[in-house]
Every structure is written in C-alpha cells, then in structure tokens.
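We just call them A, B and C in the order they show up, numbering each chain from 1.
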Amino acid sequence: MAKEGIDLATVDAVRGLEAEKYAAGFSTDIEQEFAPKGLNEDTVRFISAKKEEPQWLLDWRLDAFARWKTMDEPTWAMVRYPAIDYQDATYYAAPKNAAKYKSLDEVDPEILETYKKLGIPLREQETLLGVEGAPRVAVDAVFDSVSVLTTFKKELAAVGVIFCSISEAVREHPELVRKYLGTVVPTTDNFFATLNSAIFSDGSFVYVPPGVRCPMELSTYFRMNAQGSGQFERTLIIIDKGGYVSYLEGCTAPMRDENQLHAAVVELVALEDAEIKYSTVQNWWPGDAEGKGGVYNFVTKRGDCRGDRAKISWTQVETGSAITWKYPSCILRGDDSSGEFYSIAITNGRQQADTGTKMIHLGRNTKSRIISKGISAGRAQNTYRGLVSIHAKAANARNFTQCDSLLIGDRCGAHTVPYVEARNASAKLEHEATTTKLSEDQLFYMRQRGIPEEEAVALLVNGFVRDVLQQLPMEFAVEAQKLVAVSLEGSVG
Amino acid sequence: MLSIENLRVSVGGAEILKGLSLVVPAGEVHAIMGPNGAGKSTLSYALTGRDGYDVCDGSATLDGADILGMAPEERAARGLFLSFQYPLEIPGVPTMSFLKAALNAQAKARGEAELPATDILRRVRARAETLRINPDLLKRPLNVGFSGGEKKRMEILQMMVLEPKLAILDETDSGLDIDALRIVADGVNALRGPDRAMLVITHYQRLLDYIRPDKVHVLVAGRIVDTGGPELALRLEKEGYDRYLAAA
Amino acid sequence: MAGLALPSRRVEAWKYSDLARALPGVSLPANADAARVIDALAGGVETLTVSAGESAMVVERFDASGLQARALAAHVQSGATLTRVVVQTESDGVPLGAARVTLEAGASFRQFIYAEGARLARFETEVTVGGEKCRVELDGVYLVNGGRHADLTSQVLHAVPGGETRQLVKGAVRHGGRGVFQGKILVAGGAQKTDARQNHHALLLEDGAEVFAKPELEIHADDVQCAHGNTVGGLDAEALFYIRQRGIPESAARALLVEAFLTEAVSAYLPETLSAEVVARIRAWLGAAT
C-alpha cells in the first residue's frame, strides 16, 4: 500500500467512529491467580517465587524494593491526580493455565475473542493463526502479566533471534539477562522504574545476534485485564553488532472504574552498528468523561547506543491513559550514533500527558532528531518535556527539535518545556516550537468541498501529525491513523 | 439554477451586501465585475456558508432549495463549488487524498455509491493532464508551497473533478500568466453544459475573451447596479466604475 | 533563629545557578518567601509607578564585588511605557536583580539586559500583562568569560487577551563560562489573541563553555500565536571560511561574526548613548579574547 493509503484510511476510520469508540471497553472473564493485595517484601518474594526465579534476581528485586521505600513520587510533571495508595492494589495476576499452550488451538477461546474485539487487524490475526502467506509479524501477547503465546519462534530461532517472555529468558538465557538487565535503566533510576524493578511481572525479551537483520517485525500486544491489578512490564531488547530489529508495541485497556497503575520499563541496548526501531501505539483506557477510572501510565523507556554508529529510533502514538508520564530516551554513547524520537500525543476529555524525550550526547558526531506533535482537546493538558544534553566530549553533535502543539477548543492546555544543556563548542542544536489552533479557514475550505466537519478535523489532524505517522511501519500507521480520528471524536462542533 | 433575492449580509457587524438580487439560469455563465471591496467575495462566502457572514435578510436557492440554512458541506454536495480567491494550504493532506475524501463524502451525502479508488485516480490524473498540472503535485500536501498560479490551477482541477452544478470562480484569473489563463479557461469551458451554471468574478475583460459570459453584472457597494451582455465588460475595462460610484 | 537556606541546584528555578554555592554562609530570614530570594537578599523592594500615558526609563548598573542585590516592583499604568536597562560588567561579585512589572491596558514594557557575568549573576524578570493591548519586549545579551556565570530568567504572564511579547536574547560564552537562559511564556485561559515570540540563541566560542537553556511555553488558550526558537552551537564554519577566503584573518573573522550575531539583540529602543556603550563593550569583550 502506498503512503497515500493512510490518508484514505482516515476517512474510513471516521465512518467507523461510533462502533469503534468503546471497542476497548469490555472486560474478559478469565480465572486469575492473584498476589495478595498490598506491597511489601513478601509481595516481591511471592512474585519471584511464582516465576521460579533464581536467587540473584530475587536479590536484585529486593534491593530495588528497599531503595524504592526511600524514594518519593516525582511531582515535577504537569499532571495532577489523587494520591496513589500503593498498598491498595494487587501486584500479580496470571491466567491460571498460563504458558501451557503448545498451539493456538489450545488457547482459551475467550482470549482469542478478546483479541478479536480489540480489532487486532485481520492480517495480524492470520499471522497469529499461522495462515499461509500472512505477513510475518511475530506476536508475543502479554495477557495480564504472563506471556501466553509466542509465535514464529522457530523461524526466529533459525537465524538466532531470541524473542520470548522475560521470565523465559531468565530461565533459558540467564547470562544475557544478567549481563544487560538494569544496565540502561538502573534499579535506582526513578521512583516508578525502581518500583517496576521490584515487582515487574513479565514482559518481552529480544536478542538479535551479530550481523542479523531480524526477518520480521516483532510485535507485542499488551492488555490489562484483572480488576485492580497494576501492570508492570519489563522489556529488554539487545541488538548485537550490526543487527537490526523493528519492534512494535500496542495496547488497549478495558473500561473500568478503578484507576489502574501501569509502570513499565523498557531497556534497549544497541551495540556497534546495530539499529533498533521501536514503535508504540498506546491506547489505554483514558477514563470517562469526568476523567474517572483511566489508566495511570508511568513509563521509563530508554535506549543505549552503546557502540559506534548504533541507531535507536522511538516512534510513539499516545492517545490513551488518564495520565501519561513517559520520556523514551536515547543515550548516544558510541561515536557517530544517532537517536530519534517521533511522537504524537493526543489528549482529549480530562486526559493529562507529560511526555517527551531525553537525548544524551556523549560520543563524537552523535546526532539526534526530535519531532513532537501534541494535540489537546476538551479539557486536557498536554506537555512536551524534553532534554537535549551535549556533553563536553560530544564534538560535532547535532540536534534538531521541532515541537508543534495544536489546540482544539479553549479549555485545554498545551505546554512545551525543552531543556537544552550544551558543553561543546562544535555542537549545533536547534529547537523550534509552535502553538496553533485548528484553523477555521481550513475547516471551511474543506467543508466547501463537501467534507463533513468531523472528517475534515480528522483529515487536518492527520495532516498535522503526518511526519510522525510516516515513521511507523505500514500496518501500524493505518491503525494509528484510525486512533487519531477516534480519539478526537466530539472535540469540535 | 441559482436565484438570489434581496440578499443582505453583514460581516463583523457591517452590512456589506445590501439587498442583492441575481438569477443565473441553468446552462448560463454570468460574470460579476466590480471595484475592490464591493462585496464580491462576501457574496461567494455567504452563498457557500462561511462562518461570520451573517445573512440578515433575503434568500438564495439552488434548484429551488433554500441553501442559506445548510452546512457548507451540504451545499457542496448539492453541487455548489467555490474556487477561492485565496486558496488555503492544507498541510499534511496530499491533494489526491483530499480529492478522494471530498468525492466520497459528496457521493455519500447524495446517497450515491462511492467511486472505486482506481477510477478516482484515473479521473484526477486525466483532468490534471488537461490543466497541465505536474502529477507530482498531486502527491504533495494540498497547496502547501505551491505558487499562486499552481494554487489557482488546483482550484480548477478540483472543480473539474467534483463536477459541480454551480461553480463560483472568485478572481481565479488574478495572478495567472496568459498561458495559464487559457488553460484555466479551457477547463471551465469544458465543464459548461446545459445543466450547469457558473458565476465568474473577475476584474479583467481578458478572461471573458476566453469564457464568453451570457451576462455581465456590475456589483458596487453591495448591490447589482447594472447588467448587460459581454459588451458591458468591454466598456467597464475602458471607463472603470466611476459612473456607478458617483451614483452610489 | 535559624535562617532559610539559599536555593541550590536541587531547586528547579535555580537548577543551573547554584546560589547556595556562590554565597556560602549566607541565609535568608526564616520568614522569607522562597520564590523571591532576590527580594529578601536586597532587603527591600523599590517601587515605581509610571502614570498613565507617561514614559519612564530606569538604568541599573551592577559592577560591585560581593553581593549586590536589587529588587524593583513597577506598575505601568494604561498607555504608559517603562524602559529598563541593566548593565552588568564582569566582576567577582554576585549581582542579583529582580524586576516585577505589571501592565495596565495599552502599556508597554521594554527591557534590555547586558550581562558579562560574575561569580554568579542572575537577573529575574517577571511581567504580568494585566490589560489588553500591551506590548512586552524582553531583550538581552550575555557575554561570559571563563569562571563567570550569567543567568537571564524571565516569565511573562498573559492574563488577558490581545497582548504581544517579543523576546530576543543572545549569548556568547568562552571556556569555563556558563550562560543560562530560562524564559517562560504563560498564557492564561481566556487570554485569546496573545501573540508571543521568544528567541534565544547562544554561541559556544570554545570547548568547555556551557549554555543551559529552558525556553518554556505554557498555553491555556487556543486562539493564540505562540512560538519559540532556541539554538545553541559554535560559529558557522562556512560563514567563517567565506570571510577568511576574502582575506580576513581568522580571529578578526570570528570577531566580525560574533559581533554581528550579538548586536542583533541590541534593541532599537535603547537611547543612543546606551546602545553605543553596549556595542563598545561587546567589541572590547571580543577584542580582549582573540
């Protein structure tokens, strides 16, 4: 499909608005196995025991937990929410018959039904079902904390790519996990990352050996399900010298009353000449019209370009969650390494998003590029917060940052808080930011051509975010474009 | 086709159209000429339903239907097209996608079947060729960074693709060189037919050499003050609007 | 009675200017307002009212050694204009200036700050656009040698519709020097048609020079035009080459480029004598280095 197809898909998406809006708002009934409510050392031990972890990992978790108890929840972000009672949540929930499937036929049909309702694209479903000729996208589905199915393992194994749940990686590849876990986001990093280190339930693990281009896009669908159980994913991706991977992460969450805490950690390691493309479409439940019941999303994502000429690219489409606190970052350690951050953050209703990136230039000739598109509608608050830091040794470092905000309606807010720290005279940093409203003139022009208002808004907004959409893999881009339209429904008129 | 009676329109509290009446029968092309600020664009916008153009009195019907209460897109679906004096730039929306969206939306509003995407593509490409529009432009966001002449040609392309019943051309000839003018006129003439009508707003007789109008109206200070055949345009070119301004 | 500690790096507003380190042993009265440290150190706030329709100008010079703190609260009545000029020349002191300015309808505030830095120099400006059709111009130039520190911090609050802000700050820093720019534009809900442009551009003349910038937009109204631009980097190598190709030696070529870069921010509203003084100081600073 040509890129043009994306724009057409918007139009279809707008037609499907009514049907789609609450597509993610249902709850699947599956027997759960819960950790006892509350958070203490025993919780940590319970989770570790449940996953039959080695002693070193339990100690690692306990260290993190001890540290966490001394930390304060950060307050610098532009998000307001009632205090979280960390003792009033469950920290582990797993489908009882987890990890026992040999083939998809054995998967609880209700799980498959869930994927269907979530609108996982047909092609993706075919892939999931192993239909011949289907696109080769491997899906590691995390269903409430425990991976229940992983496909294409064999084909990946043939080229030496490891793609599995992190629990499995701990068992099967402990040397890799031990070597890299916590080296990009240390257990002491920040309140939420430290919490995650103590109690992470599951997540994905990827290893691509030297010189290997991962033969397919790797994709993970996250989905929260159990009442009152937070989700603490831990993802670790290591691309060895000269390797390449494109990783897709997408999520939706069911409608619910209680706030759901989500504190994921993603660590990326790119060695010499390695490249990682990490794409996210985030559509957690944003809460009702009053903002009640939405997901709190406190995520720490960081990539380390550890070798020369390594490249890490983050692309995110953030449309969900009541609270988003997220700064996918790049440490540009290797000489000539580069980092990219492309972001669309849409907030509507009472949503609050404080998101951006950090580009830490340590090596020579390092490059970074930041394109952020924030859209705020309803009574939402949308903040871009970023840091570009050029260290003294980062000769010839380059950064370009463009932050555009679009306001729809006069009760929302759009904020831009870029930090720039430069310590090298041969570096060049450029930052531009604009804030505009949806143009009445453009809307009228489009309506004069016969395009209804809502559709015109969707087209204009998709135009506004186009630079970023184009960074997404094609299937994802089409989905993301739909999301953009759906997220802004009812914001005009 | 189009019938306007005693139309009064105010903009920002000031009355700009002061009881304007005009009838354009099917199959005819009418020209409107008039000095700057007379209200020509105001008429275009009032007919197409732009916000801020308050109709205080009078009526306008298209094929008998009162259009003044309709949403802009509804009027468009009924066959009303405006070639904007100042075409807008639509960042991020490729021209081709925009046209597809418009065609499909109009078809849907009229309860017609949508055209297959390949047909649309073919239709747009063919029309673009007759207007000598570089096909690469169709992939670029609509009008963004286009030259003045390209933008005007893009307006005519849209008209030819959407095939409206009544097209209003608001100074489409301004800013066009002679060759472009002829191309645009050819496009307009190609669209002429017994069940279409056109309202051509212009300052220049030149365009009317290529698009022979059935009637020429003079719009001064919010009213039609004179109507005649093509020869009226020739006279205006020589004499200007002094005689009407003195009277107004 | 135990006093209030001076802010250190851990305080967001002083993140890049560690006052506690620059003034060891100094503390504030226990009842001091932590958000108005300079007021407290100044031991009082001078007040100034510019009457409706009038024009006034204040020139503040900072050249002492040791702590030199001054705080000004100005109110500019409708249609009046206040011009404030700060000239801070290199010293081993700790010059601190605070200005809080409120504007009534149709008032203008124009400010130009020239700062060469000191052990720690900081100039805080806080403007509240409280009436319609106000205009704010906040300009500045900082030139910082090794061991020196200059901090230009500002906030413009557009509380009502239709205000206009133009801000242009330029800086040049040498090895061991630190330049800080923190500029916030805050558009309150309902302050429609606000038109605010903020620009900060800094040159790092040598390795080991540091520039920290935090240009910030906080927008709570939709029908506004707000933009900021921020660039930090070395001299444009191509431009330098071009000039040298014409036969001008490198050091002179550099001085030429830097001077052109900096003088763009020397505002037109400065009285002749002051702008001549500032340009002369820029030249002297450039000449002294190369």
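Simple rule for what comes next: a residue touches a chain if its C-beta (ideal position, glycine included) is under 8 Å from a C-beta of that chain, and two chains touch if they have at least 3 such contacts.
For clarity, every value in this text was computed on a predicted model and none was experimentally measured.
Viewed as a network of touching protein chains, the structure reduces to a simple linear path. Put simply, the chain closest to the centre of the protein, by Cα centroids, is A. With centres set at the average Cα position, the gap from chain A to chain C is 39 Å. Averaging C-alpha coordinates per chain places the centre of chain A 48 Å away from that of chain B.
Look at where the CA atoms of chain B average out and do the same for chain C: the two points lie 52 Å apart.
For chain B in complex with chain A, the residues that touch the partner chain are 48-51, 71-73, 75-77, 81-82, 84, 87-94, 96-98, 100-102, 104-106, 109, 117, 139, 141, 158, 162. For chain A in complex with chain C, the residues that touch the partner chain are 76, 392, 395, 405, 407-437. Within the complex formed with chain A, the residues of chain C that make contact are 12, 189-190, 192, 202, 204-234.
Residues 4, 7-8, 10-11, 439-442, 444-453, 455-456, 459-460, 462-467 of chain A are the ones touching chain B in the complex.
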